[in-house]
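Below is one structure. I have some questions about it.
Residue numbering begins at 1 within each chain, and the chains themselves are lettered A, B, C, D, E, F, G and H in the order written.
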Amino acid sequence: MKEEIILAGFGGQGIMLMGKLISYAGMKEGKEVSWMPSYGPEMRGGTANCTVIVSDKLIPSPMTTQPDSIIVMNLPSFDKFLPQVKSGGTVFLNSTLIEEDVKRDDIKVIKIPANEIANQLGNSKIANMVMLGSYIENKDVIKLKTVKNSLESVLSARNQDLIDLNLKALEKGKEYK
Amino acid sequence: MKEEIILAGFGGQGIMLMGKLISYAGMKEGKEVSWMPSYGPEMRGGTANCTVIVSDKLIPSPMTTQPDSIIVMNLPSFDKFLPQVKSGGTVFLNSTLIEEDVKRDDIKVIKIPANEIANQLGNSKIANMVMLGSYIENKDVIKLKTVKNSLESVLSARNQDLIDLNLKALEKGKEYK
Amino acid sequence: MKKVAGYPDSLTDKQFHYCPGCTHGIIHRLVAEVIDELDLKEKTIGVAPVGCSVLAYEYFDVDMHEASHGRAPAVATGIKRVHPDKFVFTYQGDGDLASIGTAEIVHAANRGELISTVFVNNAIYGMTGGQMAPTSLEGQRTTTSPFGRDVKEAGFPIKMSEMLTELDGSAYIARVSVHDPKHIRKAKKAIKKSFEIQLEGKGFSLVEVLSTCPTNWGMKPLDAIEWLKNNMIKTYPLGDLKTPEGVE
Amino acid sequence: MKKVAGYPDSLTDKQFHYCPGCTHGIIHRLVAEVIDELDLKEKTIGVAPVGCSVLAYEYFDVDMHEASHGRAPAVATGIKRVHPDKFVFTYQGDGDLASIGTAEIVHAANRGELISTVFVNNAIYGMTGGQMAPTSLEGQRTTTSPFGRDVKEAGFPIKMSEMLTELDGSAYIARVSVHDPKHIRKAKKAIKKSFEIQLEGKGFSLVEVLSTCPTNWGMKPLDAIEWLKNNMIKTYPLGDLKTPEGVE
Amino acid sequence: MGKKTLMKGNEAIAEAAIRAGCRYFFGYPITPQSELPAYLARKFPEVGGTFLQAESEVAASNMVYGAAGAGARVLTSSSSPGISLKAEGISYIAGAELPAVIINIMRGGPGLGTIQPSQADYFQATKGMAHGDFYLTVLAPSSVQEAVDLTMDAFDIADKYRNPVLIVGDGIIGQMMEPVEFKDPIDPDDLPKKEWATDGAKGRERNIINSLALDPHDLEDHNLKLKAKYDRMKEEEVRYEELYTEDADIIIVAYGTTARIATSAIEMARKDGYKVGLIRPITLFPFPSDIINETADRVENFLTVEMSLGQMVEDVKLAVSGKKPVHFYGRTGGVVPSPEEIVEEIEKIGGER
Amino acid sequence: MGKKTLMKGNEAIAEAAIRAGCRYFFGYPITPQSELPAYLARKFPEVGGTFLQAESEVAASNMVYGAAGAGARVLTSSSSPGISLKAEGISYIAGAELPAVIINIMRGGPGLGTIQPSQADYFQATKGMAHGDFYLTVLAPSSVQEAVDLTMDAFDIADKYRNPVLIVGDGIIGQMMEPVEFKDPIDPDDLPKKEWATDGAKGRERNIINSLALDPHDLEDHNLKLKAKYDRMKEEEVRYEELYTEDADIIIVAYGTTARIATSAIEMARKDGYKVGLIRPITLFPFPSDIINETADRVENFLTVEMSLGQMVEDVKLAVSGKKPVHFYGRTGGVVPSPEEIVEEIEKIGGER
Amino acid sequence: MEKQQSVVFDIERCKGCELCTAVCPVDIISMSEEINSHGYHYAEVKEQKKCISCGMCATMCPDVVIEVYKEE
Amino acid sequence: MEKQQSVVFDIERCKGCELCTAVCPVDIISMSEEINSHGYHYAEVKEQKKCISCGMCATMCPDVVIEVYKEE
């Protein structure tokens, strides 16, 4: 098993955290993992992305040019990474901010109105968890349980009260397949 | 023709100037010349020396480990350079400050009481010119005439009145063979 | 309708890359307005620093030279000596000017180098993600002073401008702020004066501008403005510190 | 017979390499005497500069570290942080401290680094053969200001000590001279005070000592003493410039 | 060995330094190594360490010089332009024979360049860092775990040889998170006392830390002593990893992140039937020349892959010494090669299959 | 050509710079190059030149960066430790593609070292000067006359490629007096205008001097453009001298002063029947690899002689590429080899005669 | 650009920092519900006629978003 | 070392700079005709009994040549 994921969106959408959660859970489940952020001189407040790899074997390159999945939360990220997705791969897209249609038929597309749901849940910041919920549900890479446990390790202590909300968001995301 | 000379003494004895005069005259007479000072971290007020080479042909190394002649004006220089003199070479020594005997019989030794003579001429600073006078007379490397002409080019303008004195010193030096 | 405020001529139309509410942008506009007003656009050579304003060369619509970190005054010296009849300014952050570039600014000032420096003091290293600057305030939390700046270990908020007044070559040194329109207008006046000092050949001039870094201070832009007003000015009092007439 | 003047314990018996009449030697002796008097010999780490006093490590009979040019305050900072209970001093020339090492001395002072600096200002680069120093006087002829220092081009004689008083971390800054026995005694007092300031943990301390360079000034030693007295002191007034009690 | 934690390379290196008994850090901020000093600034107080942000890289380098001379295990870290500024001081540290550990998380150059991954400081690291005859021991980890292990070793190597050790990585090594395990921490008080250090000459002869020699013959003797150390390093410290080399007829030589990418490429190419192997230098100085030279007797081609215009390739050529062709593929300015590109190069060399 | 004058190398270089139309000097004092700035300080006023003693080498380097960007022919000079401090700035100058001339009168290192002659900055000069992928054109004169000629050429080469040119000598070249002739001086006003320079954007698009690229692909493109320049230099600028090579079976490779000493040694050895020749690289970058490689086909041995622990010898080995043995003889720390020592090495290689 | 308006926002340049809102003496600047292409809620003035063309907002704006016009 | 003398010169260390001569209040220091091994005319006091052991000379001497003793 080897899964290469690119996660991307606006700065502030919690992209990096989402990636870390996958990596952390992968590690907990005994897999090899790597998490590689883009740290480029992107315009401040611009886009952010990271690459996560989860594998049974040692991970050679921590970068990928042909991800198995992409999780994209804004339009520029969608435009940039869609063409890279491996044939047979999956696109998780935040349909609240990405209205475009996917013009490839060799990949699976899962549309999640993540911001909408997050707002319904009362906090636009947890759109990333909605996306993550759907990812976990659709790909057999990491288990929801591990992620739930991981949340506590990854979120800093003072955000502990946010955890409940996050769990809700994860559950909501599961509904999108 | 190739003549390699090391000139050495205390700082302040005019060693460098003496060397420059030989080089300058050599150049004027159409020879290849090089003048190389020691610029080591000798103790200030310590010793100073330079190497002069005058040759008919291009000069490969501007340094020498087997000089044809040495002109030494104090004891430390005498001790240091005497062993280096080429067999058949010549030592010009300032006998006012070097009372030692030369314990080599494969070289020619010319003793010049340079400081004594300089003091007699009224200026201890021109001991170097006395040494130079003797050198010119004894070695067929450069001509006294050229050196006299050169003096004007090498001594800075405000020392012009010293020139006469220098010429006298050169003449005096000629007497030591 | 008459335009009473708008886009200065000496700015390119490239959008600033600065974070929302970062007052680098205000300072850029002021510099450009002064260049316009003094009609210097075709005789200016600007020197950009390394810092958040590294891209200043993309914004000022004049000849620009991007210096190495801290050395803008040396680069400007090289330029000014070649073109003594041109107007040369440096734009520098506090890490650039007050830390790595200390020697260069001190000696440019001491030489009375005919350059003008806009010194943007935001009490932090913006570009590299919020490390302590020599100008960071006592107790200020940054990534390299996570428990607050301890002046016993890390030194005191450095008063570069005051220090530079001690040098005979500095002609004009002022400290201004951009936390409200009134102070912004004052800041512009100071910048203008400093540019004129150069044009008049009176010596080195520098305007320190207190500025915000909402991102690395971890504040909303409006809170950052308040923090500047309430905290920075106490440590760094505003005003003309040295004019050709004398030291304040 | 009681010895009233003699060879200090904290000097090795190695003969100084300084030129005849160079007052570096006097200053060395004073430092050694103060180390003796404060009983610091076994807890001192000295930092030698690059300059004529580069060989200071051969003379002071204490642990010594030979720094790179201008960086003695940084080297001393490294040492002091490792051994906060030891006494650390730097000995630096004017090229070393006031030119290439400007940033290091400014920031050591600003940090209130607990080190003591002996700053030997002889208004010239001695070791390299007589180039202009930032402290060279107006009109002074040197190999790199052969027509006399032109302050318009080459800058003004820099007042490092005055500048350093502006920094909150400096506790004691004084300027002294060694042109006659009376001033030599005063110089020693200042050096002693500066060392005590460190021992008391009060902050950074520096004593600027006006010194001669007969060789590169092109003067006989006695004339050099006169020149120091008559010219240097005018530009560099003597006295305590800053004490823990306040700025002069 | 503790349990696995997920950590950024920069932070993991910092933690490893603490565990190696390092208690002094002097540095100046620069991307992409910022998390390293930030981590130490947070953690040092717990272990009584001293974190000092210097006024510049030049000052940092000389603070390290002072602290190393004073006997401490000391660390500094920076990225390319900052290392250039530290060069003079590093020359002094090496000249004075002091142990210290220096990190260079390389970025694209020359000049201000980019902050993206690069390996274009190879020459600087292994040969021309600064004036004079000296070398640093240069270590090049290719994973966060290896960065941790090499950091701990670096302090030992530095002490063993009284020579600065340089660890080179790039933004990928520095920014990437991977699971790591740490060795048990060393108590700095348990380290052997450095008898040569300046700590106040109490009850012993005074110590002098110095790189000056008035007499060139003394300096020559000193330099020959340094050379003897370097020769000993060549004997004792060479490290490399071989992968798929047994049956290979093409050998890729690559280090650091590039080696990992090359590994991906090799796995892809092997599927297409190319017998490709990897020699990954872990020490860039001393360079694993012998193994490369020996391997040259049984393979057909070498391909050096670097994030540079071609630097390590010279050491590979020196090692191969004309026995077999040495090809080069490089990306530069912060561009990271993809496995696919490397496969293409393999195809060019190995012929279409 | 004028008449012959007897001049110190340092002063002759300064005079040559003036004649090349250079009117700007920024530098910081250091032995053994001091006569160079002193000469300019004396002479520049006559020609309207600007001599500025910078506060440090770092500042000097950046003043050169500014002045070069402003379109001037500009010079700086230093010696080994000073060059290390200039390195970061030089990387910027190269990165921003600016012409400038830099002199390094090398001394013994590492650290403070000695002020005696040395060639131990070869690696620094030709490879690892600073971070990033860039090269300087490096010229190595072996006489005062050649120092003069190469200095004048250096400014032209710098302008031609918009790349800094480094001239390396040592205390012998700098301190020695030899007769020199000068070419006629160039009036700086007659030089072609540099359209890219910053001089106030009057009646034209504004100019930007810069070494930053946000996008690594842009930087890679830029670096490839730089590489194209270096490749062109390799085509057009390689210079070397051959001496007694026709019948030689041992070739000494040496540059600068060492080459002159080697020449003395060769003349001595030939008297004893050793067929020894000399290849003297005049450009150290681009290195005269081709001639060495070709020569390797007909000679038996190479002997590289340097005042270092062995630096250029790597380029010689790269050029020879295993065809023939490459021996090395070096003195270091400021010690100058004697012809006799070199003869001994020749005897070792050539066998007793 | 609507020359009739007193105050004109180049909304694509606006980064939603709100600095302008705090300085308007007549308090007419508010942040839009909409975002621009960079994702920012931009500033806007709905009641242009209340604007006194004092220029405060433009003086304060770090992104040179605002032009202010005055009746002549 | 002659402990009877008030002022003792370590003549091999003396560099003949004459600084001591200028500060002696009783003007008894002069430069010798002889040179030491470094070639310097060294300082000497011929009339030791005139010495008032004030220490001025030692204070001024840059080369730590002079020791001064005082009757107890």
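Heads up, the rule we're going with is that a contact is a pair of C-beta atoms (placed from the backbone, for glycine too) under 8 Å apart; a residue touches a chain by one contact, two chains touch by 3 or more.
Fair warning: this is a prediction, and the values are worked out from it, not measured in the lab.
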item	value
Starting at subunit B, fewest touch steps before arriving at subunit F	1
Contact-richer chain pair (by C-beta pairs counted) among D-F and D-H	D-H
Rounded Å distance between subunit A and subunit G, as computed from the means of their C-alpha atoms	36
Centroid distance [mean C-alpha coordinates] between subunit G and subunit B, Å	87
Rounded Å distance between subunit F and subunit G, as computed from the means of their C-alpha atoms	60
Whole-Å gap between the CA centroids of subunit D and subunit E	39
Multi-partner residues of subunit B (each touching 2 or more other chains)	40-41, 45
Multi-chain contact sites of subunit G, meaning residues that touch two or more partners	15, 40
Per-residue multi-chain contacts in subunit E, two or more chains	31, 50, 52, 55-56, 58, 81, 88, 92, 96, 111-112, 114, 116, 210-212, 214, 216
Residue ranges of subunit A in contact with subunit E within the complex	20, 23-24, 27, 32-37, 39-41, 59-63, 65
Parts of subunit H lying in touch with subunit D, wherever the complex brings them together	3-4, 6, 12-13, 15-19, 22-23, 40, 53, 55-56, 58-64, 66-72
Subunit B contact footprint on subunit F (complex, rising order)	4, 6, 31-32, 114-116, 171-172, 175-179, 257, 260-261, 263-264, 267, 336, 338-340
Contact set on subunit E toward subunit C in their complex	28-31, 34, 37-38, 41-42, 45, 50-53, 55-57, 81, 111-112
Footprint of subunit C on subunit F - complex, ascending	24, 26, 50, 52, 54-56, 58-72, 74, 88-89, 92, 96, 198-203, 206-212
